[in-house]
Amino acid sequence: MSQNFIYFLWDCLQYFINGIAQGSLYAMVALGYTMVYGIIRLVNFAHGEFLMIGAMCGFYALRANLPMPAAILVAMLSSGLIAIIVERVVYRPIRKSGRIPALITAIGTSLFFQYFGQLVFGADPKTIPPFIEEKIFNLGEINVSNVQIAIFCITLFVLLFLFWLTHYTKVGKAMRAVSYNLPAAELMGINTNKIISFTFFLGAALAGLGGMLMGYTMSVEPMMGMNLGTKAFVAAVVGGIGIIPGAALGGFIIGIAENLVAGLYKSSLRDAVSFFILILILLVKPSGILGKNMKEKV
Amino acid sequence: MGYYHGILLLVGIFITLTLSLNLINGFCGQFSLGHAGFWGAGAYASAVYSVFYAFPLPAPINMLIAIAVGFIAAAICGLIIGVPCLRLRGDYLAIATLGFGEIVRISIMNTEMVGGPRGFINIPHWANIWWVYGVAFVIALFMFNLKRSAFGRAIISIREDEIAAENMGVNLFNSKLFSFTIGAGIAGMAGALFAHTQQFLHPSNFNFMWSVIILVMVILGGQGSVTGSIIGAVILTIVPEALRYAGGTVAEWRMTIFPVLLIILMMAKPEGLFGAHEISFRKRSEG
Amino acid sequence: MKLKGLPHKFLACLLTLIISNSLYSAETLKVGVVSPITGATATFGQENVNGIKLAYEKIKKAGGKKFDLIIEDDKSDAIESTTATRKLINIDKISAMIGEPTSSLALASAPIVQEAKIPFITPTATNAKVTQVGDYISRACFTDDFQGVVMAKFAINTLKKKKGLVLIENTSDYSKGLAKSFTDEFLKMGGKMASTEELTYAAKDTDFQSLMRKVKRANPDFIFVPGYYVEVGLIIKQARALGINVPFLGGDGWDSPKLFEIAGPAVKGSYISNHFAPDDKDPVVQNFVKDYKKVYGVNPGGFAALGYDALGIMNAAIQKAKSTKPADINAALVATKDYPGVTGKITFDANRNPKKAAVVLEAKETGFVFHTKVNP
């Protein structure tokens, strides 16, 4: 085997590893999208901006010399809080108007936060350090950083937590009930509004967490949510929108594919990868890899 | 070219653009979020013709050819996207079209021949206000008549209720594909006009944000209303520009006010200014 | 649907606003500025405008012909840029314009300004094509062609390194242009590329591990990265973490205090070409840095310095011009000779590009320090 080919194999492994780490970030953000969609069938375009606000608040918390764990908490709480406010003030009144007005409202909210963020936070990119001291392990031709391992573990933990939440707690069961059939859930005595608010909070908090964990690899600026949010959304769709493990699966797939293409070919095509995968899935299995086909009844 | 002249040109181009999206979203009810991709494809294709392959013909004829090139290029994109994606419903179609719009933009960004990130400069100034408004007028007329034709009503019935329409014998797929392809092609024509009045193209002109802006123009006017699209395009080109004059602080907040207005619109009047109707001069007898 | 009175009133108000603005007397001389204050390139626009405003305050206090400064935001968008430019020319009737900081935005508005025969100077657009638009278009900064040559000469003559590697950001025209001018000169002077593969990355990339491994295998003596500070910072950090210890070279896109935040101590020992050095002992520079720090609280970067110089050069032309007519201002502008700018003594050549020195800065722990001045 030629030396170049061996390098190639090692490179692929490296891209794979990077992809898993990146994918964890996408997965965390995708979870928020998928949970909200699952519960009120809304594609929350502003989800990326919830992440951005959380990351910004985390940045200011760090600047105020709070320790990293506290800053992460601040980020999660601010994302969650903003999500609850937006849901209450903007999305709830629109819910009765139909899918398209809701979608457009979400787009408007997203744009608002981006531009408002530029005026309030300033357009210049901010930097956050990695949440733990980064140590890179050189294993011959590949490198793994402890941050990558930690992110992956945290994501797994979050997934397990969500599984436990949705299957073994009352709140979780209520969430599932509302996502199956909102009117019926209401009739069964579930406070649907509260459940919806809670879902928003949870999804956004996870996004805020993801932002803080991976924030050191990107510039934290008001427009950061756009790109990240779109890819996470694609991840949710690929895995099966509305399905929690689907979001994680989708996240990892997108992360790995992006890194393979960027590494093996041109990294300027990175952004196109997620869309290609999206189109592919929509053609082959629109409900997503783990999704169930729902036929529309007359 | 004067300031007002420049704005009027933009208004005219956006009228055509809004009408083209209305055909897809408003008439046919297919929620497309990648429309700027068609606009861009048409703009760049026509510019490539003009700059690299133009025949030595008088400018008006060349402009006609450029418009045709823009139309065909965009329509082909519409076909490529439509055939696989039109089987999808609602949200999924929206995402797929968003994806395609981005793919078009990224492809342009990576194509050295059209300047990539630097932008495409020195496009000949073949179009003028007569071209822009001429095309807008023709397209508006086309849409008016389409709406009242049998085929047009078939398309609209798809928006109202797909399953019922199918049961009434409407070939869903063909009608959707028609709207999509023609809608894309018309956007391509607007692109050609844009290229030959601005004389400069940049991939950032055709990103998702612009797809959203065109969409808002359609929604504001009212999906399915030709007059609505025209009014929507006019308002949303002029008002953000006028806000520039509203004094220092307001001008700074211009970009924030625009989405807020959008949200308020959705809360107060989601069907838009004209709903699905046209402006009517007949007195209606009130009960 | 009946049209109520509201839209009519609204339109009337709009028209009044617009008309009253254009009736505003065109007696005072006006200089327009179009810059991205919001949007994707807002950091550059805001810095440019900071420098411009500082210069304006100083100019107002001095004697001579007065003018108003009108600043428009182009939201980093080409269409906005052309609309704002037209507004300034047709409505405000400006006699001169300070243009956008980035080459693509400048290329959008320059043709309009050229057609209207208004003198135009861009503070920081470095692409050669900008001034080729016409004889009313000039710039305050050196071109990418010059920068590339400077760094190539530095690598070979000063660092004495002959085997190098170039990392190009292929979503940036600036990066591609600078890479090309560097490579051409470097090869001409006898240098060699350590790899035949073209190594690229894209804007907003965050992981350069695989790129770095290719670099490591090629084993160059130095690495030239003509990109922007965000990606460059990450590249250098990751390179050092992989054990790549050769010096990095770059261009003015590195110029930001954030570079040091992102890269940390890894950036020590790198060199860049830039427009000015804040620690340059020249009193012109020191006064500027002091004034800037007093008003804005931070040290000025290259973008601020060039914004400051751009308005300064235009002002000098206005004062020297035979009359307040744009044509006369332009005549004085293109004849600018030895203007004492913060970024060097500026003289325009036949293409209205300044013949001026570039500075090579060395990166230390927390910032750039002046290393050498390279004359054209």
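Letters A, B and C name the chains as they come in the text, with residue numbers starting at 1 for each one.
By our rule, contacts are C-beta pairs under 8 Å (C-beta built on N, C-alpha and C of every residue); 3 or more make two chains touch, one makes a residue touch a chain.
Predicted model only: the values in this text are computed from it and were never measured.
Trainee: Could you see whether B-C or A-B has the larger number of C-beta contact pairs?
Mentor: Contact tally favours A-B.
Trainee: By mean C-alpha position, what chain is farthest away from chain B?
Mentor: C
Trainee: Nearest whole angstrom, what separates the Cα centre of chain B from the Cα centre of chain C?
Mentor: It comes to 35 Å between the two C-alpha centres.
Trainee: Roughly how far is chain A from chain B, centre to centre by C-alpha average, rounded to an integer in Å?
Mentor: 31
Trainee: Touching two or more other chains, which residues of chain B qualify?
Mentor: Expected reply: 109-110, 252, 255.
Trainee: Provide the list of chain A residues touching at least two other chains, using ranges where the numbers run on.
Mentor: Only 115, 118-119, 266, 268-269 qualify.
Trainee: For chain C, which residues are shared contacts with two or more other chains?
Mentor: In chain C, the residues touching two or more other chains are 38, 40, 170-171.
Trainee: Looking at the complex, which residues from chain B come into contact with chain C?
Mentor: The contact residues of chain B facing chain C are 1-7, 10, 109-110, 115-119, 121, 198-202, 204-205, 238-239, 241-242, 244-246, 251-252, 255, 273-275, 277, 279-280.
Trainee: Which residues of chain C touch chain A once you look at their complex with the stated criterion?
Mentor: 38-40, 42-43, 46, 170-171, 200-207, 209-210, 213, 217, 230, 234, 241-243, 258, 261-262
Trainee: Looking at the complex, which residues from chain A come into contact with chain B?
Mentor: 41, 43, 90, 93-94, 97-105, 107-112, 115-116, 118-119, 226, 230, 233-234, 237, 266, 268-269, 271-272, 274-276, 278-279, 282-283, 286, 296, 298
Trainee: Along chain A, where are the residues that touch chain C in the complex?
Mentor: 7, 11, 14-15, 18, 22, 115, 118-119, 123-125, 127, 136, 138, 141, 143, 217-219, 223, 227, 259, 262-263, 266-270
Trainee: Chain B touches which residues of chain C in the complex?
Mentor: Per the stated touch rule, the residues are 1, 14, 17-18, 21, 37-38, 40, 72-73, 75-79, 82-84, 86-87, 89-91, 103-104, 107-108, 111-112, 115, 127, 129, 170-173.
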